[in-house]
Amino acid sequence: MAGKVFKKIQVVGCAEKSFQDAIEAAVGKAANTLKGMSWFEVRELRGALKNGQVVEWQATVEIAFKVE
Amino acid sequence: MAGKVFKKIQVVGCAEKSFQDAIEAAVGKAANTLKGMSWFEVRELRGALKNGQVVEWQATVEIAFKVE
Amino acid sequence: MAGKVFKKIQVVGCAEKSFQDAIEAAVGKAANTLKGMSWFEVRELRGALKNGQVVEWQATVEIAFKVE
Amino acid sequence: MAGKVFKKIQVVGCAEKSFQDAIEAAVGKAANTLKGMSWFEVRELRGALKNGQVVEWQATVEIAFKVE
Amino acid sequence: MAGKVFKKIQVVGCAEKSFQDAIEAAVGKAANTLKGMSWFEVRELRGALKNGQVVEWQATVEIAFKVE
Amino acid sequence: MAGKVFKKIQVVGCAEKSFQDAIEAAVGKAANTLKGMSWFEVRELRGALKNGQVVEWQATVEIAFKVE
Amino acid sequence: MAGKVFKKIQVVGCAEKSFQDAIEAAVGKAANTLKGMSWFEVRELRGALKNGQVVEWQATVEIAFKVE
Amino acid sequence: MAGKVFKKIQVVGCAEKSFQDAIEAAVGKAANTLKGMSWFEVRELRGALKNGQVVEWQATVEIAFKVE
Amino acid sequence: MAGKVFKKIQVVGCAEKSFQDAIEAAVGKAANTLKGMSWFEVRELRGALKNGQVVEWQATVEIAFKVE
Amino acid sequence: MAGKVFKKIQVVGCAEKSFQDAIEAAVGKAANTLKGMSWFEVRELRGALKNGQVVEWQATVEIAFKVE
Amino acid sequence: MAGKVFKKIQVVGCAEKSFQDAIEAAVGKAANTLKGMSWFEVRELRGALKNGQVVEWQATVEIAFKVE
Amino acid sequence: MAGKVFKKIQVVGCAEKSFQDAIEAAVGKAANTLKGMSWFEVRELRGALKNGQVVEWQATVEIAFKVE
């Protein structure tokens, strides 16, 4: 029953310019309250459209952090 | 690294009468501790059976709320 | 809007000897902060390799606990 | 090699008014020949259309019952 | 190369009261421009939340209609 | 609680010449004990290889039949 | 924002003899109204049964065509 | 229409000690009424928790047996 | 049977430089004939290779637009 | 740590006439360099269209062969 | 275009006693020809049955190794 | 049994700056030993986190190349 344990949370980030900004927004916000973040996995990529253009890039990621 | 960020949690609601009651039970309970809930997605629909009848409707939903 | 409600969290456990140890590590760590844990579901089984051997068994589980 | 064992069957119920009626139709019919039914899981939701309206709600469920 | 042919379109319906209303909204709107609608399949169930309550039920369905 | 009810069973058919023969083998064998078979859905297509050639085509199908 | 663009539609073809006839029925019917069809992807294979035999082979395909 | 045909049933086994015991419980119980069992496929791994510990390991398996 | 209704179409965009250009190509082309486009969902990311390099980024997206 | 071991490779076969020819093309080519091929699993079925007709049937298969 | 690159292969291991032995068989055999193996992911768990008992545990794993 | 045949391999690329760099790293490394690479498909997008920031973008792609 020893060994490392990670918890995973699911976060949706939004950004004006790119999916990668959206992921970094999600990670950045999570960093405010979490320590020991270790990896993320992309679950979904979407976006908002307005007047025939992409106005928001949205990325749903699972973020894993170490539980002490 | 600007932009809105949402967190998603997974909740299982149970109800005697319907899946929608089960979803509302999940949402209602989550509302006790969360603000800024924005949308939900149904992940799984199940139920308990007894004496040949449905005695509980169970809905697993992901609830997204805005992280300030 | 009555009825039981469960919350599910996702935890990754790691262990040297087996997937079951990894699951028990995940459950054991979660037990430190959660009460009313009721069931788990295996989502992913992986492991680390070194020098041609399995050196770590990793299990991702969803753990459901009752929300009072 | 002890412990409870359940068998799962897959049943499609149809009803005029709702998915829940369709599920109850499936469960009700299964109850004619099975004892010890314990839970169900929704696998698929569909329906028949006629003259631009839903005329049948169809639910495919897996029903689990205890094997003595 | 004979035989019936159906085309399937994907429609998202929204309603205040229930998923079934949302499905009927999707079907009803599709009926304005399509004839020969024959069946639908539920692809996704979601909803909007506001002030801790479900304010919109959303159903994504695939609707199949006969191509003459 | 009225309405038609179908039960679905899962059958794997094998044939020397083609997937369709394999499906017909599955259906044909099921017809020995079942009445009211109504539709099938292909779940998996596989085959056996020997000396670098396909020697058996295997099709897993779900067969639905009406429950009286 | 240059570059080719394809649209994909989903079509269900039915045929008496084989899945390939069903696919060709779907493609053939789509060819009546579409130009520039480029590829298809099989999404689902099903069939109708009557008197213990396959009486219809049904194939759901996604057909992609170039948008000028 | 010649060739071997297998039927698959879905069984959930439960055991106190391990997933493998759970699978063997499922297989053992199925062996009471079935002959010609040939292979199994794991579909789901879950378990029950009590007082912060795993008290039951549950395995859902599909068991295939030859139809004579 | 009131409420908003959206239709979703599936479009594949191609671009020389990036997936995001590919998505914008898909959206831009769809904007020629559709009004009220509201959101998109990424379904598949692929690309063409030539002489050991990526020469085309391809994105399949579902685009949802409001049906008046 | 005894026991048989198989390796699986993924191969896409193309043929003018049928999916089965495409599978046999994949298997036949693999047979040039592999021994001990034991089974295959179909992963994807697609095809090329030209002038409104199927001009190529494409099958993606996983081929398993014994590792000595 | 710098950075580490891993290749993943798919291997099926078989063992008499357990899934973990099967995984170790797969890893052990792969170790004969590969260096730099880094992690594995379980894709499928199956087994062979004979006389109503499990006689072989089979695990399909993807093994990732560093490409120099 | 004529026709083109492609083999697909699975490669994980890593890069400091973006998913596209990661894909190009994977493709570039594969190009060292493979000829006739024709297309790729993205299977998974992940990344490593350190001190609350993305430090590595990881892309798992399937690369298809023509077998002569």
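Going in written order, the chains are labelled A, B, C, D, E, F, G, H, I, J, K and L, and every chain counts its residues from 1.
Just so it is clear, a contact is a pair of C-beta atoms (placed from the backbone, for glycine too) under 8 Å apart; a residue touches a chain by one contact, two chains touch by 3 or more.
Nothing here was measured: the structure is a model prediction, and the numbers come from that model.
Q: Please give the intersection of the contact partners of subunit A with those of subunit L.
A: I
Q: Can you spot which option in J-K, D-F or A-L is basically A-I again, with over half of the contact pairs the same by residue number?
A: Interface equivalent to A-I: A-L.
Q: Roughly how many whole angstrom separate the Cα centroids of subunit E and subunit J?
A: From the centre of subunit E to the centre of subunit J is 38 Å.
Q: As a quick test, compute the distance in whole Å between the mean CA positions of subunit G and subunit J.
A: Averaging C-alpha atoms per chain gives centres 22 Å apart.
Q: For subunit K, write out the residues touching at least two other chains, lowest number first.
A: Subunit K, residues with two or more chain partners: 9-10, 19, 24, 28, 30.
Q: Going by the touch rule stated at the top, which chains touch which?
A: A-B, A-C, A-I, A-L, B-C, B-D, B-E, C-H, C-K, D-E, D-F, D-H, E-G, E-I, F-G, F-H, F-J, G-I, G-J, H-K, I-L, J-K, J-L, K-L
Q: List the residues on subunit I that touch subunit L in their complex, please.
A: Interface residues on subunit I, with respect to subunit L: 18-19, 44-50, 52-54, 57.
Q: In the complex formed with subunit A, which residues of subunit B make contact?
A: 1-10, 62, 64, 67
Q: Across the complex, what residues on subunit D touch subunit F?
A: These residues of subunit D touch subunit F: 9-16, 21-22, 24-26, 28-30, 56, 60.
Q: Which subunit H residues qualify as touching subunit K in the complex?
A: Of all residues in subunit H, those touching subunit K are 19-20, 23-24, 27-28, 30-31, 34, 37-42, 63.
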